[in-house]
Amino acid sequence: MRIWGPVLRATATRDPRSCEATNITMTNSVDNQQFESFAGRLQETPEEIAFELRAQEGALWTGGRLLIGIWAFAFAALGFAYFYLRSANNENLWRPHGITAPTATGAAIFAITVASALLLMFGERRFRNDQTLDWQVAGWTAVLGGLLVIGLQIWQLTDLPFFPGSSGYASCFIGWAAMNIAAVLGATYWIETILAREIRLRRAIAQDGGAPSSTLPVARLFRANLNGCTYFWGFVAVVATFFWLLFYVI
Amino acid sequence: MAIDTSVSEFEYPGEEDVGTPAKPPPVWRRSAWLQPNVLWAIAGGVIGYLIGHWLGNVIASGYQQVQSSGQNNVAIVLGLSLGVAGWLAGIGALTYPLAKILGYEPSPSPPQQSWVRYFRMTEDHKVVGWQYAIGVLTFLFTGGLLAMLIRTELLSPTTHVFGPGTYIFLVSEHGTVMMMMATSAVVGPLGNWLVPLMIGSRRMAYPRVESFSFWIFMAGYLVILSAFFFGGFPTGWTGYAPLQTQANGGMDSYLVGFGVIGLGMILAGFNLAATIINYRAPGMNWGRVPIFVWGILATTALLTLATPTLVVAGLFGILDRTAETAFYVNEHGGSNFLWQNLFWFFGHPEVYIMALPGFGIVMEIMPVFTRKPLFAYKVAAAGMLGVALLSFFVWQHHLFQSGINPDMRPLFMLTTELISIPTGFLFLVTLGTLWKAKIRFDTPMLFCLGMLFNFLIGGVTGVFLSDVPVNVTVHGSFFVMAHFHYTIMGGLIFAMFAGFYFWFPKITGKTLNRKLSKWHFWTFFVFFNCTFFPLFLVGILGMPRRVFEYASNLQTLNDISSISAYFLGASFFFFIINVVWSIYLNPHPAPDNPWNSLGLEWQTPTPVPWYDFEHIPVVLNDPYHYGEADAPPVADLGKVLSAVGAPAGSVSHEDLGTGVEGDGDPRPPIL
Amino acid sequence: MSDKDPPVGSEQVPAGTGAPGAADPGAPAADQTHHWWRLIAIWVVLSAILDPLFYYLAGPHIPPGTMTNMAQGAQFDFNVLFVIALPVVLGVWIYLIYAIVMWRASRGGPEPVAGPYSRGHLGIQVGWIVSTTVIVLFLAGFGTYELVQPGGSGGGEGSSPIWTPTSQTILPVQVIGQQWKWTYRYPTFGGFETDQLVLPNDTTVEFNVTSLDVVHSFWAYQLGVKADANPNYNNVAYATTQQLGSFTVRCDELCGIWHGAMYNTGQVVTRQQFSAWARLTAFRLRKNTRLLPPYALTYTPDANGADGGYYPNNADPYSKVEQYGATPSQGGG
Amino acid sequence: MSLAWKLGVTVVLFAISVTAAIVLIVNLLGTPPVVNFTSPSPGAPVNVRLQTVGSFGSGSHPTWVSYLVRSPQGQWVHTTVFQVPEHTRINVTIDQYDSGSPLRNQQLGQVTGTYGSVASLNGRLFRVINSNAGNGVGHTFSIPSLGVNVPLSGVNGNANLCGAAPCTTSSPHNVIRFSFNSPGPGSYRWQCFVPCGLGFLYGNGGPMSTLGYMGGFLKVVA
């Protein structure tokens, strides 16, 4: 049963610290399918378990960075649209009368995003120093911050001083709002799932040093996941800064 | 343990005694009908669509342009989007992501072994590969049917079978369906099925993401078909704005459909990249990775990085059509060039998303049937990575006549011609492999040779297209159309079938009928060339793409093409009959390794067990030691990794430098 | 089909994995055939025959013909590319056929023994890369020269072309695309607008291509001219006529339902005939010409059409800005 | 399962896919009906009567503007495809019930390709309409490949316009008459060139892009 990964191992073995191979016999099955031929065939060695744990950690690392790459290209498309329409300035309608989306809301969105990201990074440092509570507070604050950003962004859309199709700037701004909501929602969701999982894991890994230092597979994967998420928040903050400059400052 | 893929209570360590059998799960857990499956997905899709449509009417029925035109794009877009969400919820793809909010772990489940598993989310990459195969063939046959209809209309230069709007819609739908199909034609079925087996892994890095990518791919199919109900769309698969902004409701299907498929492409690439990078078996260093995996890896780079541009461009299009922004409308401060730039920035890498896996297959299969090592392995891998990199810098060659950055034309002419250097490595490698070989002409090899023949024509005509003065004549003509059918159909689809025929015995455990296979190849190959070669001439004689009326002197060539197209379509019946006959009606079990391949995937038993490898193999060699007197085994599939009683002389991880516990591991440390 | 057919893959071949096969190290030495020289000889002979055959027999008839200097340039480029491509294609095909004929495996025969070049050969690899690079760089340079030298190769060059013909007298003709027809304005003849495209011979023509709605593409096939018609954008293309005759104009960018029917025929006539035609047409259309908007390189389309109403009008409940959207339409082209 | 069973399953599945494909194709083949006009005697002129309506009022697109053709039996048919004999004088009468606007392209304000290059508006001959003055132009009747173009003057938009097809002559309308010669056999596109697709970008979507509303075929038979 090791195919389901070390996460399962931590949940299925009697002693979570043990890396001994376990052999789970599957006796029940959906609509009585026969698993006997497979059950018990897999005898895993500690090396195999450890190897796959490394692979899983690596996959989380790769996945986190790849997500940043994916989003970077998406936002690059938006940035391209911004500069392309700006330089084309068709009918002098890039930005007539220097229209700007509500600046106070915009500044708040920017500030909260960046603050949440910084808070998370700080929180992760505290987490590494075994100050889990600090990290939890930072994390949940960031979740609140993310939700606040989304709310503000939606509210801002109802309060625009321009019609969406009135200029290139207006169009890009609507596009930015939609994409920012998606990105922040994704980042908030990610950190929230990690925080929630930490609550569920807490008891299981407490005697092993807790989330920051437990050597259990669950804890190791948890940390890899958290690391990717913090990086992603950093990326979101960079994006927020960049587009805040584009839409409100210059 | 509860046995299903849905969420179960998290079990704390020590709470459960492994030795005692678990309670039988409740009936709703046991019944396949009550579990998430494709029927629930359809129901969810319908319900989601209805809710979205209603919501759209509530929001937008008062809009001025909705009242004037009687067409509520907001309702269509919301309906389709929520329909996709409902479909995903019905298949169970959202269960775990939502449960995660509450901190739940994925609940373990053993793989199901009944036929039901093909209609559900699954974490078995081989089942996903199968699902993709069926999905891709569904796309292919739908698009092929539309192609027959297009060729029917073009039988006569003036007499019309379809109305002009219907014809344009057929062309657009054919193009869109085929492009969506082609992006997953190899990566989906063969990539998912084979990559873990080839790299010696028991699993994908993100099996749920993998399954998700398939089911959203199928949702995309339904979304793009829904254009039939919304009056079609007139823009071709390129969807040029502002015609896009002007079009009927079917355009929303196109935009949402491409968005949905794009999401699937990103996720499929994401999973495969993470798997290839991290799950290679010990000893499977970059110099031993099968060349097909190199091809997939290069493709994943394009899938994950180029596709977001398409999704964002589609988002802008949707906003133009619903929120009345003006991204692509010139006189409101937008630019129609913006769509063309964004679309082709995705669109050209897209071409290589289709081509690269085909290269990989051909180069992977060639050594087996020539009984020779792959010639110039490093050049092959470098070539595919080079193509992937260069493909980001050529997009404006689609826009030579458009007036966009005309001063950049020499640069894009240069980059376009440069990309033919790494593309040409395909020929260096395959021709080198053929040198003094002992060629066996089994069906996969025939398809490989056919691919080389076609792709050469497709590639060389591409050089004509890249030359700006010649491009003035051939751009937007049937010449282009013939060119990319030669590269995509003649290249990718031939390679895909080479792969299907090659790996069929391993994938299905059944043996295909040899005669039917060869009939399929020869009819396919002959009629493919009869269909598309005349179109080069038609194009250079002045027939633009996507027209329903043409000069009467081109009728003969068009008729040759149309009639061949019917035979081309009919040639697929050899394939269908062969597969149905060999899998279902009269199955013959296949041997474990019928081609005597050295590839790691062939060293597994047939059918491949759900865990792929009983022990994680330790890879000792690259799989191309053909023609050697005592070819070393590609991997040690024995108990090398077991802690106790390792066979004498076996290789340990330390020797291999793969760093089980982190030492010497090339990946950066985590935390 | 019957069960007697041997299924795919069932034929007996010696095992690859660890099988001894024909492990005779002397085997490659037995094959002393000069494959290289044979291949090169066949290739050189065929190329030497077929290339001139194509160039001198088919070459002069290759579309788009020689009606303008741009068409002739495109024809010349096509022929040069063909002459270069033909040996490449021949080389691969000859090799493939040769391999298929010469290097078939006999059924049940021994495993081949990998030759010395089986894993790669530095000379061949370097040679291949160098030769393809040389060809490609030559083609890019050649294409650039052919693009720049005649002043733009007949393709759309944007609103401010940097490669222009050297000719002193240039006849400007405005090409206006709309869904779904072409019209042409002659600014030097009072700016009349007509369905007919008539051009004088031996004249450099400047096509100013623009659109009133979606993207079209002006393709004067025999003239070797193609330029996208973009709304609110002037796309310039040049060609110098050098032959009398008629030519076809088609729309080459999908523009909606009647895209396939958006074509007409133009004429290249003598200069005298042209000026007579132009004066007559200017006179005939004078009443309508007065109603046309003044000649301009672009005409701002009204996104709302004559009565389209896609974007709301100024009195709009969602907008706090009173003036937005298109400047008042200048009517039409 | 026996082979017969399996064959049965295969055949049934195959039949389902074929049926689905056929249904799809038959749906796509649907085009507007063809109204057939014939000469009363060989060589005699054919009278064709059309009308335009600002909003069709019923059917799947009630808000769309549309042309209608009156069949020789005197019924108004919702189509834009009609058939006439070759090389015959076609007398066209169009009842224009829609309001007008300035033309997108004033070039289309001229009458071309008709007998004498003239048309009559409510009995008065005209060659050019200034679409920027008066009630503007509501639609055009144009057959580009024959060079036929007739602008249809709009009805005063403030009048009580007919909003449901077919309109009767009691509603305010303009009557435009003109004649042209039919060419040799073939299908000739005719369409309106006024961007009258209300609510679509540039006014050229919807009815302008759908056969049976603002464009169709003139089918000429021997």
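As written, the chains take the letters A, B, C and D, and residue 1 is the first residue of each chain.
Here is the rule we use: contacts are C-beta pairs under 8 Å (C-beta built on N, C-alpha and C of every residue); 3 or more make two chains touch, one makes a residue touch a chain.
Predicted model only: the values in this text are computed from it and were never measured.
Shared contact partners of chain B and chain C, listed by label: A, D. When chain pairs are compared by their number of contacting C-beta pairs, B-C comes first. Centres computed as Cα averages put chain A at a distance of 56 Å from chain D. Look at where the CA atoms of chain A average out and do the same for chain B: the two points lie 27 Å apart.
With centres defined as mean CA coordinates, chain C is found 46 Å away from chain A.
The distance from the centre of chain C to the centre of chain D, each centre being the mean of the chain's C-alpha atoms, comes to 36 Å. Annotation for chain A: residues touching 2 or more other chains are 90-91, 93, 96, 163-167. Counting partner chains per residue, chain B shows two or more touched chains at residues 64-65, 68, 164-165, 234, 242, 245-247, 324, 326, 329-332, 337, 586.
Contacts with at least two other chains are made by residues 213-214, 232, 256-258, 261, 300-303, 309-312, 325-327 of chain C. Of all possible chain pairs, the ones that touch are A-B, A-C, B-C, B-D, C-D.
Touching chain B in their complex are the following residues of chain A: 1, 3-5, 7-8, 10-16, 22, 24-35, 38, 41-43, 45-48, 50-52, 54-63, 66-67, 69-71, 73-74, 76-78, 80-81, 84-85, 88-91, 93-96, 128, 163-172, 174-175, 178-179, 189, 192-193, 195-201, 203-204, 220, 223-224, 227.
By the touch rule above, chain C contacts chain A in their complex via residues 232, 300, 311-312, 316, 318-321, 323-327.
Chain B meets chain C in the complex at residues 64-65, 68, 164-165, 167-168, 234-236, 238, 240-243, 245-247, 324, 326, 329-332, 336-337, 370-379, 400-407, 409-410, 413-414, 417-418, 420-421, 424-425, 427-428, 431-432, 434-443, 449, 452-453, 456-457, 460, 463-464, 466-473, 475-477, 501, 504-505, 511-517, 540-542, 544-551, 581-582, 586, 588, 590-591, 594-598, 624, 626-634. Residue ranges of chain D in contact with chain C, taken from their complex: 101-107, 109-110, 112, 127-128, 130-132, 136, 142, 144-145, 147, 189, 191, 193-204, 208-211, 215. Of all the residues in chain A, the ones that touch chain C in their complex are 90-91, 93, 96-97, 99, 160-167.
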